[in-house]
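Here the chain labels run A, B and C in written order, and each chain numbers its own residues starting at 1.
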Amino acid sequence: MLIQLDSDPQASTFDAIVAVDAGVDQLLTRSGVRPNEVAPLVHGAIFTRGLDDLKQSAIFIGGSDVQAGEALLDAVRQAFFGPFRVSVMLDSNGANTTAAAAVLAVERHLSLAGARVLVLGGTGPVGRRVARLLAASGAVVGVASRERSRAEMACSEIQRRLAQPAQLAPLDPHQLPAFLAEAQALVATGAAGAKLLDEEQWRKAERLRVMVDLNAVPPAGIQGVEPQDRQVERHGVICYGALGVGGWKMKIHRRAVQMLFEKNDQVLDAEEILALGRQLLQPTSS
Amino acid sequence: MLIQLDSDPQASTFDAIVAVDAGVDQLLTRSGVRPNEVAPLVHGAIFTRGLDDLKQSAIFIGGSDVQAGEALLDAVRQAFFGPFRVSVMLDSNGANTTAAAAVLAVERHLSLAGARVLVLGGTGPVGRRVARLLAASGAVVGVASRERSRAEMACSEIQRRLAQPAQLAPLDPHQLPAFLAEAQALVATGAAGAKLLDEEQWRKAERLRVMVDLNAVPPAGIQGVEPQDRQVERHGVICYGALGVGGWKMKIHRRAVQMLFEKNDQVLDAEEILALGRQLLQPTSS
Amino acid sequence: MLIQLDSDPQASTFDAIVAVDAGVDQLLTRSGVRPNEVAPLVHGAIFTRGLDDLKQSAIFIGGSDVQAGEALLDAVRQAFFGPFRVSVMLDSNGANTTAAAAVLAVERHLSLAGARVLVLGGTGPVGRRVARLLAASGAVVGVASRERSRAEMACSEIQRRLAQPAQLAPLDPHQLPAFLAEAQALVATGAAGAKLLDEEQWRKAERLRVMVDLNAVPPAGIQGVEPQDRQVERHGVICYGALGVGGWKMKIHRRAVQMLFEKNDQVLDAEEILALGRQLLQPTSS
């Protein structure tokens, strides 16, 4: 039994189908859910079954708006009390599974500890998650935005969510070239249709080994990277496109849904979903 | 196939999960249902299958607002014609299953015929149902409210729904002590968080043998009764709390859902649900 | 996996139950769907599964408003690209399955090529479909309306949707008697409760062999035809009522839903649904 709480007026069919494909028998979908409506929906899952059966119910939070999803997750947590809880996963707009897939692509070719990684569009919901996951793994992360103040705010917010001091560098367009010149990896997470980097820019970056462009709709976020790219080498740089990491994203999503039913007290947000992706895709190295 | 018609913007997950646990294969949930939307939803259940198969479909009416649920039940009944009908159950806010569980707790320790039973918060939807069920079983029922006019209105409404003249006494706070002094049982059905009776008040009632407090959230409606109480004796009075009767309530709810599929012409409202609870919990005495 | 996109605030339970009875395992229902919400709902069905598995998902468009359903169908088609598509069926207000059943009733007793068939209420959504299907089968179709201009507009619209020039005659109430005098068949598709033709009118039509009245609610659209009529002869004319063709309509509806899952690139609108009805009901003659 999976309860799908979706912040959009029409709940995602994508999330619903992945849930069914992950083996969910009964899917209860609620559309247009607002935080103040969450408590009775959570209590319905808690009060209908005994403590031992709680792990047979779980909650999935989705929708196109990641901030709205985060507010729903907060409301879900507040509705729990003591051992009366069910496992819950947040993947609004696919942000967590996408970020996890991007980080997995980078670390396949690079040891993250101490690596310099540039995140383009780093202030958006996916970008923040990518930067957070990279920083937590020890990378020196450049968080790029068109405006310096937004980059700084994003870095502060990311740092607040991390247990230890991280190496986060806010970058405006003027500061970007210097960081790029030393960067070993690059992840583009901009809005669909926004070109973030010209090919001549990244070809000058001599240390660059891997690039991930999460935009699936032309024009590419990183000029020269194709959506289908999956470990394709271009001018000496290993490239991944949105569809190229899409298979991993789907596997991670399905597996995360399945994990929800193994215990009743899990909260699957970015970190937990990356950890799960590492187990799933790199069984021999973990 | 159960059609869940819910008056709330987000249909109850509680009712949905109980339905699934009762064995419902296919659950069709409609949220925010208004009476004028009911007819086509009922006709969809009636016109898709032959007369012999009608009992394979049923309707459950829920939501937090009992009056809204009653209006939906009226609309459902009006949408039937002749033998073209399906069984229907009303349990908005759990009012019917809760009221049945409370009455069952009382009658476990008391013969209702002629017994004096005080219903605190007797003008609310659960209170009216408790009072109605008790009165129909022959009890002398005190219906208490903060305002005498509301208590009187509730008694009139309850009497209208009963086939025979019942013994219903409207009580305001000044009249309450006299009734309490002679009462053998006491059921508190007030809103969460409202204390309805001090311990020193009920301890003075010398004939009192059983008390049921349906409020699960502190403070207790009846001071001294704990939510978990299940046949716990306190100062010579057998006490039940909301969680203490919760197991019966759940059993009755599940069984009622199952019963819907045995025939196609049942209307399960308070009386029918109490009758079912009696069968379920007192198999040897019925 | 069937995705039910419904234009009404409360999605049809009729369509949902027929889908389940047709063997659909998982039904994802979305209510109050507007065209601008369709793309992500379609993409959710396309991007979650591989090309080979696309035929395991399909879309059903319903709701009481046929025009709204047609707009949803357009939006669904626009959301497809290349081979990334799923099969889709339109049956808002049962218009396509009802029209198909009516045409099947007529052609059971009449060779449509060259036959003169009068469609009463021919400007409504069901009427236009009946006229279109008859015209495409070679009939000379009279499209009757209270206003000549509406009849003419309907004929133009019907012709636009046909591959070849068709024989469509717009008729106002003054022109109707002349067409009726030569008509061999008659289909009434008016709104519930509107009488379209007196018995004395149709009894004068000497060539009339078959009549279908799709109105199930008294008064009859064609005076003298009963809703239950199924090949009942009245004054030498074979009569069908709404319930009389209802069994065929249901069979066609169920079979159409099943067909959706045979390939991933079908669009089941009026013509395809009639073709399917012919296969289903006249296996020996096709």
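The rule we apply is simple: a residue touches a chain if its C-beta (ideal position, glycine included) is under 8 Å from a C-beta of that chain, and two chains touch if they have at least 3 such contacts.
Since we're looking at a predicted model, the values are computed, not measured.
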(message) Over half shared numbers or under half: where do the identical copies chain A and chain C land at their interface, same or different?
(response) different
(request) In steps of 5 degrees, what rotation angle do you get fitting chain B onto chain C on the CA atoms? (result) 120
(request) Compute the distance, rounded to whole Å, between the mean C-alpha positions of chain A and chain C. (result) 46
(request) Give me the residues of chain A that touch two or more other chains. (result) none
(request) Give every residue of chain C touching chain A within the complex, in rising order. (result) 1, 3, 26, 28, 30, 32-33, 37, 40-45, 47-49, 57
(message) List the residues on chain C that touch chain B in their complex, please.
(response) 9-18, 20-21, 27, 29, 31, 64, 246, 250
